[in-house]
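So, here's a batch of structures to check.
Across the two complexes that follow, chain A remains constant while its partner is chain B and subsequently chain C.
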Partner chain A sequence: MEIDAKFDEKIMALIAEAVSGKFRKTKITGATHLQKELGMDSIGMLSLIFRFEELFGLDIAQLGIDINVAKLKTVDDLLAAAHQIIGKAAVAGG
Partner chain B sequence: MDLRQLTIRLSKQQHQNCVITFQKGQVVRRTHNSVYKDIMAACARLKAWGVRPGMRVGIWASNCYEWMIYDVALLELRALSVAFTDDFDSQSVDELFDEYSLSLLLVAASAKMHKKGRYSAAVAFLDAENQKVTAIERALPAEDEDFENTGLIFSSGSSGRLKGLSLNRRGIEESVAAFTRAADPRHDDCLLLFLPISNFQQRLMYYSALWYGFDLIVTDPPRLFRALKDLHPTILIAPPMLYEAFETRFSNLPAWKQWAARMLGGIAIRFPANSVRKRLAKKIFNDAYEALGGKMRFMVTGMAPIKRSTLDLFRLMQLPLFETYGMTEFGGISLNLPGANKPGSVGRLLPGVRVELAPDGEVIAVREHRIASTYFECADGEAEQTFIGPDRVATGDVGRFDRDGYLYLIGRKKEMIITAGGTKIHPEIPETEINACPDVACSVVVAEADTSILVAVVVPKNPEDQAARKRIQQFVDEINERHPSVALGRIIFSYLSFSRENGFLRPNLKLDRKKIAQHFLYGSAEISQAVARSV
Partner chain C sequence: MYEQNNSLNIIDCHCHIASEEHTPRSFIEGSVANMVAALSAQGVRITKEKLTTVFLSKMQDPLCDGLVAEMDAAGISKSILLIPDFTYALKDSILTIEESFQRHREVLLRHPQRFEVFGGVDPRWGKDGLALFERSLAGYGFRGFKAYPPCGYSPSDPALFPFYELCAHYQVPVLLHIGPTSPVLDFTVSSPFLLDEAARLFPSVNFILAHGAVNFVEECVMMCRFRPNVYLDISGYQNTLGYDPSAGAVRNIVSLGINHKVLFGTDFPVFRLQGEQEDFLAVLTGENGALAQLNDREKALVLSHNVERLIERSVAVVA
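Presenting the complex of A and B:
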C-alpha cells in the first residue's frame, strides 16, 4: 500500500463527509480544529476512522495501532495519523 | 430472574447462543456453555487468591470479555464488585484500595503500571496469567444472607460531580426483567454492547442475554462501526450522537440525492405490504442499512434528548429507532416500542413501573425495588432529595402524560426559570419553539440573574449567512407576540458548539445551563479559559 499524490485529498473528502449541518461551510485546512470548527464529536470521529479503514481495506486493530481519538485535535493530526497507519500497513504487508 | 442463580441457569441452558468479541483483531465466538466454564474458572482463581463473600473487588478496565466473566464470577461468590470508570484515571491504585476498602483489584494486562505500590500483591490481571496474588483481609460488613447488595458503581451526576451508588440485587433483577419483557428479545437476537461496561446499563444487558438466552457482542467504542457492519447485531442501545452521525452522513449527500431518497422513501413507506415496504427502504437507504449490519430490528436511544429530525429520518428509512427513559439510580422507566411509539415521547411505562407526578410536575418513579439502594458518595442532601422512599426516586425531571399513557419530558425541575413577571417556565419550551426556525442549529434559554429577563443563546446553522440573524430575530419576535408573558428579552448569537470539552455539556451530555449563562451573560473568565483550553 502506498501513499499517492491524492492521499490527503481522499482524507479531506472523508472529513468533509463527516461534518454536520452548521459547520458544512467551514473551509477545511490543516489547522482546522475537528471538534470546535467542524463540530465532530467522538462518535463522528469513530465513524470517520471506520470509513478510512473501509476506503483503504485496513483493520487498524490488526495492525496493532491504538488510536486515541481524544488526541486528534486538528485536521493535520488526523492526516498524520492516517500517514502513520498506511506506513505501518505497508510494512506489515511487506 | 435471580442473579444468584445466573451461573447455574447458564450451565443448564440448551440453546446455542454466543458471546462475540474481538481479540487481537479477530472475531471470537464463545457459546454460553464455554462462557459458563470461563466463569467457573474465574471463580476458582478468585477463591485461590482469597476472595470471600462480602469482600470488595475493584474492576478497572475498558470493555473486554474478561470484565464480564469476572463480574459474573463475583456474583457467584457473593463478593462485591466495585466498577471504576474513566473518571478515576488520575487516581493511584493505592488510593483506590484505601478509599474503597478493596480486597482485590482487577486490571487489564496492558495496565502493568498498576502492579506497583503498597498493594501490588492484591492487583490481578483480567486477561493474563497471574502469579502470587493475595486478596487483602479486611473487616467485612455484617453477613448479607440474601445477597441484597451486589456492589458499588459510579455515575456522573447532573451536578457534574461523580456519585457513588450501592447496587441492590432485586432492583437489578426487576429492571432487567422489565426491559426484557418489553423488548421481548428472541434466541436469534444479537445485542451489541460498546459503551463502557463500567456504566451499569451495559451490565444489565449482558445479565439479560445470559439469563434469557440471546447472542451478545461485547466490544469497545473504537470497533463499534466494524462490529455493526460485520457482526450484524439485531438490537442496539446507543446515545443519540450515534444516530445523529447517520443523519449527518445523509445530510452531506448531494442535494439531489437527498431529495430523491426522501421522495422515494416517502413513497415506499406507504406500501401496504410490509415485505415490499422493507425491501424498497433497504434499496433506497442501502448505505445506512449496510452500516448497521442489515439485520437491525430494535434500536434504542436515551441518556440525552435526540433530535426530532434524526427520529424522523430513521422513520423514513424504516429503521426501528425508539426513545427510552431511565435513571441509573432507578433503572428503566419507560420505552417506546414497535407498535407503541410516539416520537417526542419517551414511551409508555415499563412493566412493574409506576410514575407519580408531583404537584410541580416532577416525575417520581416507583417500583418495588430500585437499582441503587442509596448513594455512598454524593453532595450534601443529594441522597435525601433523590431517594424519597423505599420504593421511589425523585428524578428531577418534569414530565406529563398524554391520554394514551405516553410520558413526555418537559425539562429539569431545578432549571425552571421564574420570569420578572412571576411566570414559571421550563426553558426547553421556548427552546423547542426557537429551534423550529430553519436557520437555528440549537438554542439555550437562560435568565439574567438580577432582572430575570430571558435571553436566548442561539447557534445559527450557517455562521456565514448574515441575513439569517435578521430572520432569526423576526422568528423570535413572532414567538414573543404569541407568548408575551414569557417574552425573550434579547438574543445572543454564538458560533461555539456546546460540548463536553468546552464544559457546556455535562459528563452526562446534558446542557450545563449555569455555565452557559455565566459565559454568555457575564463573560466568566474561568469558563472562557476552559473554552480556550478545549480548542
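Presenting the complex of A and C:
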C-alpha cells in the first residue's frame, strides 16, 4: 500500500463526510479544529476511523497500531495519523 | 507531585477509574449498542464486538496514573472517584463491591492529595453492604456515598435511609446518577424528583444530582433552587459538544442564579474517545468559554469551592 498524490484529498473527503449539520459549511483546512469547528464528538471520530479502515482495507487494531484518538485535535493531526497508519501497514504488508 | 500552574484551583467532582474491573462488560456493551445504532445509520459498517474492543482500549488505567497525567496537563488539582455498585444488578461484574472498594483505596494511597473517593453500595446487599460503607468512611478515608438508582431502586427507597444516616453522622455528601445510562439498566428511577423525599427527610445530608446540566435540567434546577441541601454537577456536557462546541448547556446552567450549587465534573473516562481532560476544561475556562461571563468568585464556586465545602465538613478519617 502506498501513499499517492491524492491521499490527503481522500482523507479530507472522509472528514467532510463525517461532518454533519451546521458544521458542513465550515471550510476545512489543516488547522481546522475537529471538535470546536467541525463538531466532532465520539461518534464522529469513530465514524471517521471506520470509514478510513474501509476505504484502505485495513484493520488498525490488527496491525497493532495504537492511535490515541483523544490526541487528534486538528485536521493536520488526523492527516499525520493517517500517514503513520498507512506507513506501518505498508511495512507490515512487506 | 502536582504543582498548580494557574490561579484557579480546580476539582473534578465526577470521575471513575478507567478499568473494566469496576464496570461490567454488559454495561459497556449496552452503551456500545447505542453507538453501533448511530454509526450504522450513517452507513458505517461496524460490529458490536469491534466497537467494544475500541471502547475497552480506553479503559486500561486501573491505578489512575493516566488520569493523574491528564489532571496535571489540565490543571486539575483533585478528582473525586465514584464507585457505582453494579454488582447486585449486573452479575457479570469482575470484582465484588468489597474488592472494588479495596482497589479504590489503593489508588487513594498511591496518589496522595489527588483523589477523594465516594463509595457506592447497592442497598439490597443489606447489613454487609452498610457495614462496608461505614468501614469506608471510618477506615479507608472515603468521603461520600455514590448512589446509582438505575440499578433498580429509587433514591428515596427506605433501604437507603441507613446509608443516609451514616452520611449525616460522618457529614459526607451523596452523589446520585440522574438520567439515562447504559440500556441494560432501568431509566424510570433516574428522575431528580424521586430524590425529593430523601432530601426532605435528611436535611443535614447534601445531595449532588449528577449530570444535572444535561439531564432533566429544569427539574434539577428547581431542586437546587428550592432544596438547600441539593446540588448538581455538570458532567456529561461533552455529550452536547458535537452539536454545540460552545457548551451551551453549561453556559445555560451557570446563568440561572444557582452557581452556589453547581459543581464541575467530567465523568472521566466516558468521553476518552472524544478528547482529554484539558480539552474539556478549555471549553469552559477558555477566553470565550462557557464560564467566561462569570466573575472570579462565581468561577471559583463552580470549579472548586462548592465541592470543597461539601467534603470539608466530613468527619471521616483521612486516608
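Heads up, the rule we're going with is that the second predicted complex is superposed on the first by the 94 of 94 C-alpha atoms of A that agree within 3 Å, B and C clash if a C-alpha of one lies under 4 Å from a C-alpha of the other, contacts with A are read in each partner's own complex, and residues count from 1 in each chain.
Criterion: a residue touches a chain if its C-beta (ideal position, glycine included) is under 8 Å from a C-beta of that chain, and two chains touch if they have at least 3 such contacts.
From a predicted model like this one, the values you see are computed outputs, not experimental measurements.
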Chain B versus chain C as contact partner of A:62, first or second or both or neither: first
Partner with the higher number of touched chain A residues, chain C or chain B: B
Touched partner set for A:44, first chain B, second chain C, both or neither: both
First (chain B), second (chain C), both or neither touched by A:6: neither
Contacts of A:16 with chain B and chain C, given as first, second, both or neither: first
Which superposed partner A:25 touches (first chain B, second chain C, both, neither): first
First (chain B), second (chain C), both or neither touched by A:71: second
Residues of chain A at both interfaces, chain B in one complex, chain C in the other: 21, 35-36, 39, 41-44, 46-47, 49-50, 61, 69
Contact footprint of chain A on chain B as seen in their complex: 22, 24-26, 221-226, 229, 239, 241-242, 244-245, 247-249, 251-252, 441, 459-464, 496-497, 499, 501-502, 534-535
Residues on chain A engaged by chain C in the complex (per definition of touch): 21, 35-37, 39-47, 49-51, 54, 61, 66, 69-71, 73
Complex contacts: residues of chain A adjacent to chain B: 16-25, 33, 35-36, 39, 41-44, 46-47, 49-50, 53, 59-62, 67, 69
Residues of chain C touching chain A in the complex: 35, 38-39, 42, 44-46, 50-51, 53-54, 57, 238-239, 241-245, 271-276, 279, 283
